[in-house]
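Two complexes follow with chain A in common, the first pairing it with chain B and the second with chain C.
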Partner chain A sequence: MHSDAFDRYHHKHSLIHQLDPRIKVLITVAFIISNALLPDGAWVAFLLAWGFVLVANVLSQLGIGYTFRRSFIALPFALAAITVLFSIPGKPIGSFQFLMWDMTVTDAGLLRFVSIVIRSWLSVQMAILLVAVTEFPKIVHALTHLRVPAVITMIISFLYRYLFVLTDEVMRLLRARQARSAASPGQRSGGSLGWRARIAGHMAGQLFLRSYERSDRIYNAMLARGYKGELMTIHPHHFERRDWIICVLCIVGMIIMQWTGRI
Partner chain B sequence: MEVMEYNGDIVKVSDLHFAYPDEHVALRGISFNLCEGEKVALVGPNGAGKSTLMLQLNGILDGRGAIEIGGLHLTRDNLPVIRSMVGLVFQNPDDQLFSPTVFEDVAFGPLHMGLPEEEVYARVDAALEAVRMSAYRDRLSHHLSVGEKKRIAIATVLSMHPKILILDEPSAGLDPRARRTLINLLRDLPITMLISTHDMRLVQELFPRTIVMDGGRIVADGLTKEILEDEAFLKEHGLEKP
Partner chain C sequence: MHYTPAPLHIPDGFLNLVVSIACWVVTAIVLSAAVSRTNKSLGDRQIPLMGIMAAFIFAAQMINFPVAGGTSGHLLGGALAAITLGPWAGMLVMTAVIAVQALLFQDGGLLVMGANILNMGLLTAAIGYGLYRGALGRSRGTRLAVAGAAAWLSVMAGALATALQLWLSGTGNLQTLTLAMLGVHALIGVGEALITIAALAFIFQTRPDLLDEKSLFARGGRGWVLAGALISLLVVVLSPFASADPDGLERVASDLGFINRGQSASYHIFPDYTLPILGETSLSTIMAGATGVLVVLVVAIVAGRSLQKRS
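Now for the complex of A and B:
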């Protein structure tokens, strides 16, 4: 059994793929911050930011609509901002009754809500592009060499390595349950909801115990190879002229976005 | 079956006792020696104490008794040096390969030994070459088959240039081809080995000397040929003649 459903890297030889991972992480973070700083209703700037994402898509040889197609997964999270529709003071543009409350949507609230959705949608597209053009271990390297605390990069690194192992473990548990979920002829099978919930609880407990024991074995394996509490990594990346040029171009692009958003 | 005397110059273990925190006694007075270049099998039923003994040799578990590796007593101060001398490979390669990529896993040991980067690169390449996995250097560990993972797991300790290689159940879970590849690899590696296994055909084929453990004790230590001929003895200790 083998699970690699979480791998989002697409192997290509594009300009973007070949960039130093530190540059890619930095540009992605800078782009997300730049989006967050754009004022509400800065439509031209939003359009420019989207153009930026589309150009990055094309340069990475993934196809112009690559990130667009995958970005809708993040939209439900934008619903967390739905309260701004009703909470920002402004000109009422519609109202409805929700349970015992009168909900009034204001023009300022709608503007803020749409801007938040666009900002998060653009940011998610850039993050999707980052993991599509950079192998995950290289992102972790980049974070390490950008001075992100070692404990965080270690947790991310172990999470990535063992997510696959744990998923396989879950699949094995589910398969074992499925294999024994039999029914006698004429009998209703499956048990009561409470019974099924208890079984699911046992499985979660089982998974926790297995993971806990595994963590012990992994720690032993690390100790056996000289781990003394500090994780050492090699520094395989070097900035090239190309990296600096792309970095400067992107920063200029973001400055133009900010300027456009404020005129 | 009698326990033979070997004058070890790589590993000397004398009167080693160990009990787990739940008071389960796992080792009861283990003594044995290993000579340089020897390839020794460690066999015995489940729960005999084989894995516990292996963890003692690397200082992961700390028992009562004396352990000497390459002339150094196993003490807290000597642990880092001893860990570089004893290459311990765990049974489940998913426990051994904890880094995202093959390169990082093989480089882990040399990096933690404080070696310069050029030396780390050279050792990683040499270790992967030794297990015939050079082409897998940049692969992700979770994309490998069990047989490939086992070979990479061996490379992760070979890169530390150990004096002795200790493997726990190396052939468990392998298909015949992967098992054969592993056997050839173990045969060709010019290094002292102590290998715990239930695979008696592997023992017969590779190891001139066998140590049999049962109930936390060494019940036989001698020539593999002689041990494997004594069917009654093997049966008594939960083993089978291959």
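Now for the complex of A and C:
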């Protein structure tokens, strides 16, 4: 598998691409916090926040609808919030029969549900944009500067580096299982549920051992190349004036959003 | 390449700021303990090992097996990671997996990542390792059985914690959330338990040295048994309460000031589940939960034994 199969990073040289990764991580998190702080039904503020996302899209030269097209990933989780439709007391705006229960949708419930979904939808777009304009290793490097413990960022770097190797390994295992699971026409292939689970478990165990042994080899190879217990980079980050300006502009934008959400 | 989001990953927007930050604080405290332990006790060699193991968990989550009607069982891996690598390393590995899933795939949010790590990485590792460590020194079949039960319970603990966090954020009705979460994950947990048992059985056969008692004892002290047992007990006691008698919990929450909105359920979908002999008392509710756990434990023991015989 190619190493950029997961990576949504786009090789462009826009203003946003060239920002310091630390600033980009901070702005993304600040934007998500700002969304969480907006009260229910602050439609103008939500609209402003969406405008913020759209401007960021345009500035990064990905096309205005880039994040919108990919933003539906979190939508299934909206199911978890569906009960607020019925459980918040308010003026009933419609009811229906579900099996044997009467379900009544209240206006307050609907307001809250829509607000939750919008907040989530805006936040996920910003996270998508972050990965699209920042190479993953740079995000991890930014995390180191933001005081995430080195052990964790190093594990993440290794995870990222060997993700592709081990997914290939899994694909091979799955293909091998498929190749050996022939069925005669009209007959089910594979044994009982327990048997199938056991085979899947053996595959997991197999993968565990292969990974374990591979990590030994990797460590030896790293030692051979002079590993001293810490990873190094040849791209040290430094803030430029542009980074500060963008940062301040974004914070001002979020303050305006908060202000419009509260009047 | 298909990547299927798992139902336990909470996206941003579904938890409010207070709950998100509270979860981050708990997660950060536990993780900093894990980091300082790992820095103290483990050598350079452990860093690549944990990194590759994180990639292993990530990849192993793609292994699935058909169950019925187009659904499939698959692994989440928290308990397996903690049992094979020890609790602290298991927690760090799961943290890395959850962080990459959120950062790279937007599966799970950034602000709520603390909650996701707590639910899927910390609770699962504590229960997985704690219960398994309690069974060390027993026969291989018992150990496998306990590992299976621990895997199932770890998934249930994550589901219950998710439901509680959503409810505390005002994202839904407590009873429906817990029943839906626990109901779905009772099944997902069975897949998790079966795969965990079979994976460990396979490692026992091929590389028993990785799971010998000396190395496992070294990875975590006896305190883990207590922690695992306590969290499991909490899950067993809280689950039936939250799903059958939510008024009690809501009362506690409003007394403590968690909830400022009065959210009373305007409907009652599910009849209280209690044991008929004991009537509708809280004892009965707890007993109902304990009976459920006992049933799963027996099933896991039988499964473990039969796997042991065949291998």
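Definition applied: the second predicted complex is superposed on the first by the 209 of 263 C-alpha atoms of A that agree within 3 Å, B and C clash if a C-alpha of one lies under 4 Å from a C-alpha of the other, contacts with A are read in each partner's own complex, and residues count from 1 in each chain.
The definition used in the following text is that a contact is a pair of C-beta atoms (placed from the backbone, for glycine too) under 8 Å apart; a residue touches a chain by one contact, two chains touch by 3 or more.
Just so you know, these numbers come straight off a predicted model, no measurement behind them.
Engineer: Could you tell me if A:L37 is touching chain B, chain C, both of them or neither one (first, second, both, neither)?
Structural biologist: So A:L37 only meets chain C here.
Engineer: Touch check for A:P149: first (chain B), second (chain C), both, or neither?
Structural biologist: second
Engineer: Of the two partner chains, chain B (first) and chain C (second), which one does A:F158 touch, if any: first, second, both, or neither?
Structural biologist: In the superposed model, A:F158 contacts both chain B and chain C.
Engineer: Applying the document's definition of touch, where does A:A80 land relative to chain B and chain C: first, second, both, or neither?
Structural biologist: second
Engineer: Please name the chain, chain B or chain C, that touches the greater number of residues in chain A.
Structural biologist: C
Engineer: Contact-wise, after the overlay, does A:Y227 reach chain B, chain C, both or neither (first, second, both, neither)?
Structural biologist: In the superposition, A:Y227 contacts both chain B and chain C.
Engineer: Pick one for A:P89: touches chain B only (first), chain C only (second), both, or neither.
Structural biologist: After superposing on A, A:P89 lies in contact with chain C but is clear of chain B.
Engineer: Looking at A:I218 after the superposition, I want to know if it touches chain B, chain C, both of them or none. Which is it: first, second, both, neither?
Structural biologist: Both partners.
Engineer: Per the contact definition in the header, classify A:F136: touching chain B only (first), chain C only (second), both, or neither.
Structural biologist: A:F136 contacts both chain B and chain C.
Engineer: Common interface residues of chain A with chain B and chain C?
Structural biologist: Looking at chain A, the two contact sets intersect at 7, 136, 157-158, 160-162, 165, 214, 218, 222, 227.
Engineer: Contact residues on chain A for chain C in the complex?
Structural biologist: By the definition above, chain A touches chain C via 1, 5-8, 28-29, 32-33, 35-37, 70, 73-74, 76-77, 80-84, 86-89, 101-104, 106, 112, 116-124, 127-128, 130-131, 136, 139, 149, 151-152, 154-163, 165-167, 169-170, 173-174, 190, 193-194, 196-209, 211-212, 214-216, 218-219, 222, 227, 229.
Engineer: Touching residues of chain B toward chain A in the complex: what are they?
Structural biologist: Contact set of chain B toward chain A: 55, 58, 60, 80, 83-84, 86, 88, 90, 92, 94-101, 104, 107-109, 111-113, 117, 120-121, 140-143, 156-157, 160.
Engineer: Using the touch rule from the top, collect the residues of chain A that touch chain B in their complex.
Structural biologist: Chain A residues touching chain B: 2, 4, 7, 135-137, 140, 157-158, 160-162, 164-165, 214, 217-218, 220-228, 232-235.
Engineer: Which bits of chain C are touching chain A when the two form their complex?
Structural biologist: 1, 3, 5, 7, 9-17, 20, 31-32, 35, 38-39, 44-45, 47-56, 58-60, 62-68, 73-75, 80, 84, 92-93, 95-97, 99-100, 102-107, 109-111, 166, 170-173, 176-177, 180-181, 191, 194-203, 206-207, 210, 261-267, 269, 303, 306-307
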